[in-house]
């Protein structure tokens, strides 16, 4: 199978999932028992926070998903199914985010359970991604060979995310808001920690073309 | 018509359908009559099972859809409409899955009817796929000729799936849970039964490129 | 702008719209006042009919949209906005279809109004498509020149569809079911009336490649 | 990262967001307390207006997004995240549009707040787009160098849109309908103000090809 169609399908799933996230912010409309719009919006603070965190979490996974695939030599049936496992959890993010938005402000055990469930989905997404990564690091599977130290850097980088998500599941049962905040910190970390461990280096002809157009027009 | 746009459109439909599947897992929110979150989640077991089965069933159809198209010489109007028939049933999967999730746990005739309807959608999907396959096996329609024995292997492989789905419709009226479980077994079978009967063999230049990057850097 | 991205965006819109169509078939779930599943499904007959008609109507527009664009020399800003007008109506199809499904069986003026609204959306879609077609038939806008008689054939073919849809709006106020049935006939007509008036002829190298792989392996 | 996949993902998000817009026009169905269909449709006038404005606003952003990216030399991690910021607001448009449609006709402070929120989403979208533009205007980042005066024209063109949207947020608290109408005027302005400041000039071979097929067949 060619990389192109795997990417097209995955991009579609990522795009739909990230767009559905926003539907959790819909208000109930001007019904008799719904309260004023200002009231409804103010009660949704947890939904806004959860939306922001999920949006960037899915966005980052998408960025890294691309970087990893761009260096893979050949898309095999195994990679296809590991990819399906990743997507199995990606598509759960909108629902899990909505549940957090609905329950966090209500406190109690339900708030804790909602964030724990959210953490479980993030753990699943992380396991899916790490499995694809581990597969791609196998001998002869990357276009540009990845030296052993870089392999370990990539593993540590992505698996540590999975471990933090696992920790978040546990913390959720102690303090749901702290656990959710921690998942936001993971997203911020991955946005700024930009070591491109995985990405295929630019093709010579490509970088040359860039250099040419970038040349001052003397 | 070029293959590219047929694939892009189909991939979009597959991607949206597979993402909408997860929306069936949404909980009702913390309303007065909804019960605790833990209670709601525990009542959704049928929805989780149905989600898993449908996700992988659609995922597999997508994988095989790609494999088949990759070997087709030319996209004709007939193929386009056979593809539309396949997609007609693919987009019904989220609704059928949601109905199973809603009714299975309630038992009675409604549970049986829900799984039977689900089976009917899977039969339709299977008929759509088998029609495309049958068309593609016609003389001169594949880039790489498919020898007669492989044709029969492909036919048997995919049509047997359709027959099992037909059986599932019947079994649903006896025992809904067994019928649903059987559709899960079909998905598991297709995940592991990986004979790539359909896929176009790798292009020489492509495999050579792979081989080169895979070469140990002595 | 390159054709590729216009097609990708349009394909995405077509794919989402066609998938959302199926959501209109969702049943209410096993609530106290919803009646049995069998009862709910039997009350949905209008929704099934509307779903089938809309699915193939959007599918055909997608097929013809592709055929037309494949022959266009250059995507201009004008074409982009004509395309947006087409999509403005394409995305209304799921909602209009759902309204027909909800109201047709209830009869009375609401049923007539629902089908008339549906007809208005189809008229809009048809006007959008015909505008793109008319633009594309302008001097020097097609890769392969379209001879005048073929231009007229294409115009007649697509504009007659728009006129029939306009007629359907009027008929809806007399008999809603007849009007809906007529829109189904239009879809059937376009499926079988396969004169490829618009499509760009196959590139020489492409057809040669096909011919080669199609050659008997003597 | 290659441009192709950034575009595919963004196109997917734009396509889903623009299609979800139409779901805001769904009517409640023939329930006992819903009133006739004609009554429901007539009460939705604000939803139709908001739908039209949002559809073309998102459509224009998509057109300009493409024009800008087509001239960018290389997709960096910074550009990816600026793009995510843009999409963060694009996906909010359906929900914000739905809120305007629900509340505008009801008047009072809620109507003003709904349009103000809508304006905030448009401001965010504008800021996201302007940041990408500003980044792309950096030295050596465009395939074809953009002369300083054109840079300023592009900046003025897009940043003025953002300023008007900011003004709309303020005006919304005085008169919600005027503010919404103003956002419609911005869309109309961008449709007709077609200076292609950003777009990469056509490749020589491309325009030659066009010229050839456009040649009269003497």
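To keep things simple, chains are lettered A, B, C and D as they appear, and every chain counts its residues starting from 1.
Quick note on the criterion: a residue touches a chain if its C-beta (ideal position, glycine included) is under 8 Å from a C-beta of that chain, and two chains touch if they have at least 3 such contacts.
Remember, it's a predicted structure, so these values are computed and weren't measured experimentally.
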Copy pair chain A, chain D: interface residue numbering same or different (half cut): different
Farthest chain (mean CA position) relative to chain B: D
Between chain D and chain B, distance of the C-alpha-averaged centres to the nearest whole Å: 35
Whole-Å separation of chain centres (CA-atom averages), chain C against chain D: 25
For chain D, residues that touch 2 or more chains besides their own: 8, 11-12, 15-16, 20
Chain A residues touching chain D - in the complex, by the definition given at the top: 7-8, 11-12, 14-16, 18-23, 25-27, 29-30, 36-38, 41, 52, 55-56, 59, 62-63, 66-67, 70, 191, 194, 196, 199, 202, 210, 213-214, 217
Complex interface listing, chain C residues touching chain D: 1-2, 5, 8-9, 11-13, 15-17, 20, 73-74, 77, 80-81, 84, 87-88, 91-92, 94-95, 98-99, 102-103, 106, 109-110, 113-114, 117, 139-145
